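Heads up, the next two complexes both have chain A, just with different partners, chain B and then chain C.
Moving on, here comes the complex of A and B:
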């Protein structure tokens, strides 16, 4: 009978349709955001929106620069803190750890990745903010603790599971033959990691970092809870900052009587979406290529 | 005294006992072939010789593997020096993620081989080769060329030394692996079914290379191809279900086996 063929056609078709649906959805959201942002885009030049530091919505003055700096600042701190530690952890798990320990850590990492961000935010308020306050006082720059640094630290903790699990996955797809062939030359494990494992997985490592970056860039609630939310370019790590996602979450729906405010927020949302979407897409393309090409 | 010798070697993965009480001397400067049905422990035996077995978790080894009189499973044996002595070819070649040239130069570089040592090595090599390398640039260039010639690969790759090694055919990759292994100056070459992923012609090239190299190296080859074993073996080790059933000179084992199971295996009755 042709039932099997029918099932095959049907499943292929439904998979294609779902893919098309998901992709269209992203596209539609971008279009809607663009349409909503249009009023401000025709009034104010793009460079003014991106690079002006003056934020006075009531006067119709929308300079997003402090928010962009806030976003880039917390993200950069997060990446600088997270990337080295996470890569070393992934190397340890892949190349040195016993496989039972590896399986256990994988489980923990998956659980960590699934914790709602508001809980990370709470932990940040309870633990990281006081820590930063203490640190600031210790080195002579008094701070409330609600700061760029606190935001960066909480983000670093949140992106760690992403970077560790993607990097670990990438290292484990390297065939065992790579290890056998190189160790057989009498080199040390570290030499093998440096010259063979890391070299073979360069693209994958980049993908892991980019995925982490995208996650950090768009994270909202947890950052909002610890970062202080002051619309000014922070002048130190201990000063408060105001990243874009926090701005949108705090203000949308509240000050809608101000003309163009709604449109300005839509513009920043579009900006966020394009950056995060672009980076995620890049990472996935890299990962897909690795899978296709293999490591030979 | 032969420089590889096994005494009462038993190996288990967890509770699964794979090799039992293997005692055998592997003759120097000959090709020793390990044969036996699939799963009888050939790879395990081979990897115990350079402790690549250590990569598997839960592996338990008892008994002695003596290399030049030193028990390699002794707690303070120098594993890196041991592995350097024992070149290794895996079933599927794996070119290191670098150029053809760097694949060969990698070992000497990582081991920080001195200039003098390299020159010495080149001089030693010239005696072993049919064709002497063309004298030209630095020592490393000559060294790379020498080993590529020794592995029978030079003519095919001399114009693309700096392209990624992964672009070579599988057969060429296996000869590259041979050249790479030779470049760290091993005394022995261990090969685990080195031709099983190769086409017949490439397989022949590898066999030819082994026969050529045995003047200077002790070679241990695992194979499940009986015809190949007959073609290259000087000495044969027959394993069956983890037991060393018979070992001896090739003619003896193939033509006049003393064990019934060996007879059945070499005549193709069991496989």
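Moving on, here comes the complex of A and C:
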């Protein structure tokens, strides 16, 4: 009996400790990144860091604006390309497709969500970059193909599985009765989708988009491989850009040898963590509420 | 009536077109990888480590990267399991208040969303602080951080679906918390736990940004956990960056090997979870 009690007390203690460990971990990561970023935050004002366009690490000049624009640029292109296509696909799967076909596509989407980003990047180099080069030449703006647009396209393909699977899940939480009620009034399926499905799942759709956004915002390797990496504000879709994650990945080697450089890079890592963490937190809170209410 | 029908037809057409587009794009990723990788994939690629002049297109293979990736992902899976299982159990209401469990889940959501490059940067800073070189150990630690939230979240999703009555029956017989957890919850959740582990393994083995700083790259198979280690994602990344066509071919082959490993893991997880779910009470 005593042994059983001891086992229970011991296991309860270690289980509770593991919870504390996980909770502390998130804060430890944020705090250590903040401590490392502090030297530059003390020396340069936050608004200068975020909005200055001058990037000369050797002179101690760290303006992140070109990188922030690069990140926002590729993410925006990805979202504009992916969101309409993914939502339409999810609606079709949820409302028109046969159950078995839906299960099949869901399987495919799940598998593709697990494919490593470096493979997406490789396919980008093989297929998307030449395509963009061709497009650029066709409309008269010569480009190497390694550009904002190529990064956007590859990201759009990468976030598609995320948006589709979350949106599909949200649509499926709407009770069948809600559909049947309105169909019984004699409206077409599309009208039912417009008035019932889309309206009641608005929050869930936003959550799906935000999750896709968060995934795209922090993606490193695939974008790094196709985006060109030139530290300048891109002046067209066909110009190269330099997103924040790529900046960190490309420069960790020399960051120890230039003063404040490591601090600047840790600042951008912190920025990434806060933005992406904040967005995915918001999306999950929305989804949690939908789940609790039954449907949105 | 006619206008309504036309609207319906137009939108249905748009939806079908979108779905076809998405499926073509996604299938394209696999087709391109296989098409480019298959001709370059030879037996010597799989079993040999790089020899002199390898990066100029001479003899050798990517065995160092294959072994390295497996070591990294297996090590990190093992460490993650040790932490993830207690955490997932701890989120049940026997062990913690509803409020604290909810808070922990939100923290896990933030960790889950955190980009892998951030884990890489964090890991690098910590390793520099402790004077650790890029090594197998460093890579395993960072990958563990990356895989932990993925594992816990999908384990917790399964544990949540276990019917309360089952646990109550067990408690009614006078069992302690840990006895019920091990005898009822663990058994019921086993298929989900296996899926969670394999999902995280697949994610971990393919991640490049986190181990870029922390695992290093080498032509040799590591002999201790303090040696640097090569990995498949980085093998793809470094080799595609060279201008020599023979080396680029090897990037394609490495990508194909990586893709095959990830697809196999995904397939195995589906088969195992199907097989294990036979013993489950619903």
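General remarks:
The rule we apply is simple: the second predicted complex is superposed on the first by the 272 of 296 C-alpha atoms of A that agree within 3 Å, B and C clash if a C-alpha of one lies under 4 Å from a C-alpha of the other, contacts with A are read in each partner's own complex, and residues count from 1 in each chain.
By definition in this document, contacts are C-beta pairs under 8 Å (C-beta built on N, C-alpha and C of every residue); 3 or more make two chains touch, one makes a residue touch a chain.
None of these values were measured; they are calculated from a predicted model.
Because the two structures share chain A, they can be overlaid on it, and in that overlay chain B and chain C fit beside each other without clashing.
Of the two partners chain B and chain C, it is C that touches the larger number of chain A residues. In the superposed model, A:269 makes contact with chain C only, not with chain B. Contacts of A:185 after superposition on the shared chain: chain B is touched, whereas chain C is not.
Legend: residue contacts after superposition of the two complexes on their common chain; A:33 is shown touching chain C, with no touch to chain B. When the shared chain is aligned, chain B comes close enough to touch A:98, but chain C does not. If you stand at the C-alpha centre of chain A, chain B and chain C are 100 degrees apart, rounded to the nearest 10. Once chain A of one complex is fitted onto chain A of the other, the partner contacts of A:130 are absent, as it touches neither chain B nor chain C.
Once both complexes are placed on a shared chain A, the shortest Cα to Cα gap between chain B and chain C comes to 8 Å. Residues common to the contacts of chain A with chain B and with chain C across the two structures: 187-188, 191. For chain A in complex with chain B, the residues that touch the partner chain are 98-99, 175-188, 191, 195-196, 199-200, 295-296. Interface residues of chain A facing chain C in the complex, by the touch rule stated above, are 4-5, 7-8, 11-12, 14-19, 21-23, 25-26, 29, 32-33, 36, 84-86, 88-89, 91-93, 96, 105, 108-112, 114-123, 125-127, 157, 160-161, 164, 187-191, 193, 211, 214-215, 217-221, 225, 245, 248-249, 252, 256, 262, 265-266, 269, 272-273, 276-277, 279-281, 284-285. Interface residues of chain C facing chain A in the complex, by the touch rule stated above, are 4-5, 7-8, 11-12, 14-16, 18-19, 21-23, 25-26, 28-30, 32-33, 36, 83, 86-87, 89-91, 95-96, 100, 103-104, 106-122, 124-126, 128, 145, 148, 152, 176-179, 181, 199, 202-203, 205-209, 212-213, 233, 236-237, 240, 251-252, 255, 258-259, 262-263, 266.
Contact residues on chain B toward chain A in their complex (touch as defined above): 50, 52, 55, 57, 80-88, 90-98, 106-107, 110-111, 166, 177, 180-181, 184.
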